[in-house]
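Listed next: structures, encoded as structure tokens.
Each of the next two complexes has subunit A plus one other chain: subunit B in the first, subunit C in the second.
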Partner chain A sequence: MAKKFRPDVDAPEYKGRYYPYDIIKEGTIALVVVSLLVVGLAILFGSPDDPAVTLKEWSTAQPVDFATTALSELNGTSGVAGYGPPYNSASDGQKIGPFPVAKWVGVHIPVDTAQDFVLMPLTTLPDVPALTTGLRVWSAASETQKTAWLDAYAKGTMSFANGKITDTATGAGPVPLFMTELTSMARTGALDADLIAGHGYYTTDYTKPLLFLSDGQWFPSIAANDHLSGDQWGMMNELGNYPGQAWLWLYTMWYQVPPYSTSWAANADAMVWATMMVLTVLLALLPFIPGVRSIPRWTRVYRLIWREHYRATAQEGGASPSREGPPSTPTA
Partner chain B sequence: MAAIYSLFDALLPLTSPGHYIQWHWIQISVANLIVIILMIATFIAALVVPFPGRRRRRGGDE
Partner chain C sequence: MSTTEIDRQWTTKFRRRLTTALPSEKLLPDTQPSYVASWIYVFGVATLSSMMVVIGTGCILAIMGPLWWHESSVGHFVNSLHLWSVEVFFFAMVVHLWGKFFMAAWRGKRQLVWMTGVVTFLASVATAFTGYVSQTNFDSQWISTQAKDGINATGGGAFFNVLNTGQMFMWHIVLMPIAAVVLTGLHILLVRYRGVVPPFEDTSAGKVRA
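Showing the complex of A and B:
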């Protein structure tokens, strides 16, 4: 008994005509045309070239926001300080359901916000005896004492006048000096240099200044103005009126819809990644999924592409409709 | 080169603040929308525009 023909799996024997086809010629033409388009459009329109945002810019534009953020880095209440892996062990980090995947991967970009963003940079400032003494006092103090100083400082009102950060707090130990000196340091640009130092002469590692910036109010407001925030489909947007990464629409779409934007929001990065991995596997397995793999046959778009072939076949009284499919690849 | 940039920036002000379209929770930049429309138009054109050289083949080149 003859095996039954399965239209989504079996290929019918091609009995039509063969046409010569020069794939090398077509490939070369496509390469040249696309290359000319890319180079030509790049010359005519360029690309967005906004200068990188710096800690110097931030502390100059909004010194109080900078100092408030610096305090949160020192007392461990900032977003990065409590983020968990890959930066620290303050929490489990991103989870997929009950699975703490970030914790499994571990702390592989260690960031101690108090040390890295505040205390270590301050130690590099030369010729400030009061600061040297303050850092020594801080280092010798107990954790309880440090917490008491930080709490006292947080109760005051911070302001910026005469080029310096001041606070109405009392009994805050060396913390007011730290905030004043760190803000002054940032306003000179020295903090930018310090946070990217130690990564070689030509560094592309801006992790620390970027994390510091992300904890404040100023940097996210710049991103929001340019429609680059996560809840603004920012992943697929570009600066100004330049087209962006439109192909990331599906990835960024999940961030806009519940439950990713509501009950899963704290773990949205991991949940969106997991969703996209599932969809990617489904896409790879498309030829094996009954029903879905039949969509091209049902929609018959191939008949539109190869309409001349089917017209000619019909005129010659050719293939049976139940077994027809796209013609075999023409020979070169 | 600066003059060319100025000319095309005047024609297509790409560096000015972006224009966005908002519909419920969907938000898209006009630039991205134009690119997507062009991609769809290219796809439809690829489906319906005859292959180059088709007439020549029809004439008995096969």
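Showing the complex of A and C:
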């Protein structure tokens, strides 16, 4: 018994005419046209290239924001300090439904914000007796004492004057000195160098300085001015009016709509990725999904695409694709 | 060596299967069915052409090093060529994909053609993304610090650290281009093997015109 013809799965056998087709010539013409188009676009619009920002620029432009962020790295209240995997175990990280996938994978890029962003860089400074003493006192203090100093410092009001960070807090132990010295260090550019060169002389890993930078308010404020924030469809945008990664529109869209932007907001990244993975698998398996694979036939857009073919076959009285018969021999 | 022994060789068997599946007239056809006459077909070859420009300009940038384009006006122009060829590439590819969807181009045992096309699109998105985070400028700083959260949420950030510029650069100029080129080659070979999908039967008059 002949297998039933399924119009969305099977293709009719073509018995119509063939015409000469020079695939190499067409490819060459296409390459030339596309190259000219690209050259034209490059001449007309160029490409954006704003220089990378540094901790030095940040601490110079907004020293209080820098020092406030440094304090949050030291007392463990910053975004990175409480991030979870892959940087630390301070939280479980985001979950896909009930599944803490990031936690299962674990900590692979360990970052201790207090040590890596504040205390270790301070130990690299040239001999400053008060700082050396302060670091020794900090190291010998109990966790309870450290918390008390940090809480006391946080209760004060931070300000910047005469090239130094000061705070109205009292009873904060060596913390005021740490904030003053770290901010001064950052303003010379030494903190950039220290965090970048953490792996040795040669490095291509900017994980630590970028994490520190992303914890402050200054870096996101520059991005927001350029319409690059997450709630401004930032992932697909680029500086200025450049089209950027427009193909990420669907990925970026989920962040803008409920429940991803409301009740799922705490796990929005995980849920958006899960959604995109499901949609991607569905797209790849679309030929096997009844109903969805029939959409092209129902919408009849193909009539527009193949309108010349249908017009010609109607005039010729039906040389349209057939379900039967041997394939016709190509003719030049 | 006997003929039988030669026939049993893996090389002989592979060559015969290859030439049977893809004879030269199928691989490089000089005729096409008359229904292959629509502007939509231009976008497949435009995708391939722009991919060649992307690779060519990327090779120049790779030869000169990752910082050259910040320091040289010629380098900046080559970077602009690279950027715009990527934009043209994705535009052509997306139109090609939508065109193939509305043609139901998976019909007639062409499901694998569709699937390799979708995977190639994903590989291209990943290739472009690793390029955006390898620019060594403000854009790459911002995009990488934003993108880390999505990738970390899946657990992937442990092995694919978007803040590690060296790692992303290697993915961008070595691993992902290899994947994209191999997948594109496979996709094109499958298209040549199965041929261009024929139109739906004409049912506009309420009956099949066979």
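General remarks:
In this text, the second predicted complex is superposed on the first by the 304 of 332 C-alpha atoms of A that agree within 3 Å, B and C clash if a C-alpha of one lies under 4 Å from a C-alpha of the other, contacts with A are read in each partner's own complex, and residues count from 1 in each chain.
Basically, contacts are C-beta pairs under 8 Å (C-beta built on N, C-alpha and C of every residue); 3 or more make two chains touch, one makes a residue touch a chain.
Computed from a predicted structure; not experimentally measured.
In the superposed model, A:E13 makes contact with subunit C only, not with subunit B. When the two complexes are overlaid on their common chain A, residue A:R293 makes contact with subunit C while staying clear of subunit B. Applying the stated contact rule after C-alpha superposition, one finds that A:A314 touches subunit C and leaves subunit B untouched.
In the superposed model, A:T166 makes contact with neither subunit B nor subunit C. Note on subunit A: of its two partners subunit C and subunit B, the one contacting more of its residues is C. In the overlay built on the shared chain, the residue A:T132 is in contact with neither subunit B nor subunit C.
In the superposition on chain A, A:L248 makes contact with subunit C only, while subunit B stays out of contact range.
By the document's definition of touching, neither partner reaches A:T60: not subunit B, not subunit C. Of the two partner chains placed by the overlay, neither subunit B nor subunit C lies in contact with A:T275.
Judged by the touch definition given at the top, the superposed model places A:T77 against neither subunit B nor subunit C.
Applying the stated touch rule to the two superposed structures, the overlap between the subunit B and subunit C interfaces on subunit A comprises residues 17-20, 43, 45-46, 48, 238-239, 242-244, 246, 301, 305, 308. The touching residues of subunit A, when paired with subunit B in their complex, are 17-20, 43-46, 48, 226-227, 232-233, 236-244, 246, 256-257, 301, 304-305, 308. Of all the residues in subunit C, the ones that touch subunit A in their complex are 25, 28-38, 40, 42, 45-46, 48-50, 52-53, 69-70, 76-77, 79-85, 87-88, 90, 94, 99, 101-104, 106-111, 114-115, 118-119, 122, 125, 128-129, 132, 135-147, 149-159, 161, 163-167, 169, 197-202, 204, 209-210.
Of all residues in subunit A, only 7-14, 16-24, 26-27, 30-31, 33-35, 37-39, 41-43, 45-53, 83, 85-86, 93-94, 96, 101-102, 104-109, 203-207, 210-211, 213-214, 219, 222-223, 228, 230, 234-235, 238-239, 242-248, 267, 269-270, 272-273, 280, 283-288, 293, 295-297, 299, 301-303, 305-310, 312-314, 318, 320-324, 330-332 touch subunit C in the complex they form. Those residues of subunit B lying in contact with subunit A across their complex are 4-5, 8, 12-20, 25-32, 34-36, 39, 47-48, 50, 54, 57, 61-62.
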